[in-house]
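Chain lettering (A, B, C, D, E and F) follows the sequence in which the chains are written, and residue indices restart at 1 in each chain.
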Amino acid sequence: MSDMDMEDDGSGIVKKFMFLNRKAPHGTVYALEGLEVVLITAAFDQDVSLVFTDDGVYQLMKGIDTKGIEVKDFSKTYRALDGYDIEKLYVDQTSLDARGLTEDDLIVDVSVLSDDEMKNLMDEQDVVISF
Amino acid sequence: MSDMDMEDDGSGIVKKFMFLNRKAPHGTVYALEGLEVVLITAAFDQDVSLVFTDDGVYQLMKGIDTKGIEVKDFSKTYRALDGYDIEKLYVDQTSLDARGLTEDDLIVDVSVLSDDEMKNLMDEQDVVISF
Amino acid sequence: MQFGILINEGPYNHQASDTAYLFARAAIEKGHTIPRVFFYHDGVNNSTRMGEPPQDDRNVTTRWSKLAEEHGIDLVVCVAAALRRGIKDELLAPGFRISGLGQLVEMGIQYDRLVTFGD
Amino acid sequence: MQFGILINEGPYNHQASDTAYLFARAAIEKGHTIPRVFFYHDGVNNSTRMGEPPQDDRNVTTRWSKLAEEHGIDLVVCVAAALRRGIKDELLAPGFRISGLGQLVEMGIQYDRLVTFGD
Amino acid sequence: MLHIVNKSATERSSLDSCLRLATKGSAVLLIEDAVYAATKGSSAAAKIQAAAAGLKIYALGPDLAARGMAGRVLDGVNVVDYGGFVELVAEHRNCQSWL
Amino acid sequence: MLHIVNKSATERSSLDSCLRLATKGSAVLLIEDAVYAATKGSSAAAKIQAAAAGLKIYALGPDLAARGMAGRVLDGVNVVDYGGFVELVAEHRNCQSWL
């Protein structure tokens, strides 16, 4: 039942999948469990965009240390996404600004988008999965 | 395992219990399941205050008809609370105002409190259980 | 059209599974097909056959099983989310099966639409 | 002091049960007692012994069972919420038992404090 | 694109996020606790009415009725049933749930 | 009274409700995703700083660290660990969780 073995659904179709992360890490499981489907989608050779908006931008904070709450630190996974051919990472400027954050605060390189760029990106997707 | 048989914990202590309802009905289960503990607490002869604030005030709307979403309509239970000696029902003015509601829109008689009255009521409780 | 449905929350605590069910039924009534429903995160808790809601309330799980049987819907429970939360094969209601997230990705690739219901 | 703890959400999906556990452990370390923890709403899903989280993650249920055994904590699962969600006696991890909401009210009456953890 | 919002606008920020990022001409469907935003007197009403100039706003009728709100729907909001929800999904090339 | 808030102030309204109804002199403890409100530059920071004039504001250190926010805490916010959380509950006659 390993997901990674099923890299091809046989159809040869490539669709644009957007994963929209809107939740902070740790308070809920969505950030952690959501990463799993992102990795599998890339293994199916689909066109994956990973977007962080609203509290989702907090997932990418540098300096996360989860020892005190005794849960897994999965923030390093974001740095390994390259290795899975997931290269389209986006964050929106409005969400960073509202949280007093800049690109320098984030653990990975991302493209920072304006609201208009976010709208266009979202509209051109075939499938949007949001947490 | 019927709760209603256990009306006395033998201590003779009467405490002030506040149940603070802050969630709309139906979207989540808290309004429905919360009513159960309110009834049991009254059966233990405790001093029960039932408070509706924020989206909790929506629980008391007249004219609820749940047939279309195929879930139970429990709003009539609020009208039966008298029968369980639960007579202290409070709603705050601020929450009504923010939703364009007045006492006339509600299915039961309630005391409408100002923010200061809400603060005082909350502070004098022994136990506050919130949903 | 073929619609895929993704459910991210458990039964009763959130309305998500109810809305998804009523959406699915309406889609079928309009002549669309729902080849598969995928249960992810706490959504896996929809699949246990052990639930016994009060007599005067709906049974969310039984309803999915029945709709699946009548219309050939594949009810797939995410294996990783299920393991974490204690949903095992021996607890599954009729029509549900446990499989990988690849089944969700396939829905996105193959069907015309994918609609998410959650918290 | 005697502290009661009320947990309204299931494991993993929300941090509530983790925070409650770490609070309970700290309270015991400071010489307080936790005579009982009550599991309500989706909180009943903390009690199943069937969960198998990944090896590198914590097991929320096992942790509660162990703390309960070491410190004599009564882990009570709400019967009405459990029935709805399919939590049965045969699924319970060590130290958990199913009982009525009266057990929650008693905590409010008898203990010095009642602290709620939820969503 | 069809945007689906299911949370109360007085409890969560998801409606604001949706309205910020929905392209002009998109459809927004309010379901579950989000339907309160489409009712007269709600603090979200002004946002919805302002948004209705550039977006098509829908609300799910059965959810309005279940909340005692069937008679309070704002002008400019289109009430649909589950069949109408299905049609909205079918008519739009893609959809996005603001959970 | 001790008020406990566990939700992000940019996602939910529970911090606003708490600050509206907390009596002067009460304690407010931010835990889980609510700790972001106690950090510099957050849109909730101004509310927290205004509230700190009349309320005692605490934030749970392990939750700040788990979110990469340990070094960004606002002046006037007291950082406590789980032991400090226990002490706050013990010191106050009653507590209220704004879920």
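Following the convention adopted for this analysis, a contact is a pair of C-beta atoms (placed from the backbone, for glycine too) under 8 Å apart; a residue touches a chain by one contact, two chains touch by 3 or more.
None of these values were measured; they are calculated from a predicted model.
Chemist: If you tally the C-beta contacts for B-C and for B-F, which one comes out higher?
Modeler: Ranking B-C and B-F by C-beta contacts puts B-F first.
Chemist: Taking all residue numbers at the chain C to chain D contact, is the shared part over half or under half, that is, same or different?
Modeler: Over half of the interface numbering overlaps between copies: same.
Chemist: Need the most distant chain from chain F, centre defined as the mean of C-alpha atoms.
Modeler: Farthest chain from chain F, going by C-alpha centroids: C.
Chemist: Measuring centre to centre with C-alpha atoms, which chain is farthest from chain B?
Modeler: That would be chain A.
Chemist: If you average the CA atoms of chain D and of chain F, how far apart do the two points sit, in angstrom?
Modeler: Roughly 24 Å, centre to centre.
Chemist: Which whole number of Å gives the spacing of the CA centres of chain A and chain E?
Modeler: For chain A versus chain E, the centre distance works out to 26 Å.
Chemist: Which residues does chain C have that touch at least 2 chains other than itself?
Modeler: Within chain C, residues 8, 12-13, 15, 19, 22, 41, 54, 57, 80, 114, 116, 118 contact more than one other chain.
Chemist: In chain F, what residues contact two or more other chains?
Modeler: As it turns out, chain F has residues touching two or more other chains at 6, 10-11, 13, 32-33, 62, 81, 94-95, 97, 99.
Chemist: Return the residues of chain A touching two or more other chains; collapse runs of consecutive numbers into ranges.
Modeler: Within chain A, the residues that touch at least two other chains are 26-29, 54, 69, 71, 126-127, 130-131.
Chemist: Touching pairs of chains, all of them, please.
Modeler: Between chains, contact exists in these pairs: A-C, A-D, A-E, A-F, B-C, B-D, B-E, B-F, C-D, C-E, D-F, E-F.
Chemist: In the complex of these two chains, what residues of chain E are touching chain B?
Modeler: Those residues of chain E that touch chain B are 6-8, 10-11, 32-33, 36, 39-43, 45, 61-63, 65-72, 81.
Chemist: With touch defined as at the start, can you tell me which chain F residues reach chain B in the complex?
Modeler: Residues 1, 13-14, 17, 20-23, 26, 93-99.
Chemist: Considering only the defined contacts, which chain F positions touch chain E in the complex?
Modeler: 10-13
Chemist: Which of the residues in chain D end up touching chain F in this complex?
Modeler: So the residues of chain D in touch with chain F come to 1, 3, 8, 15-16, 19, 22-23, 25-27, 29-30, 32, 112-119.
Chemist: Mind pulling up the chain A residues that touch chain F in the complex?
Modeler: Touching chain F: residues 23-28, 54-55, 58, 61-69, 71, 73, 75, 98-101, 105 of chain A.
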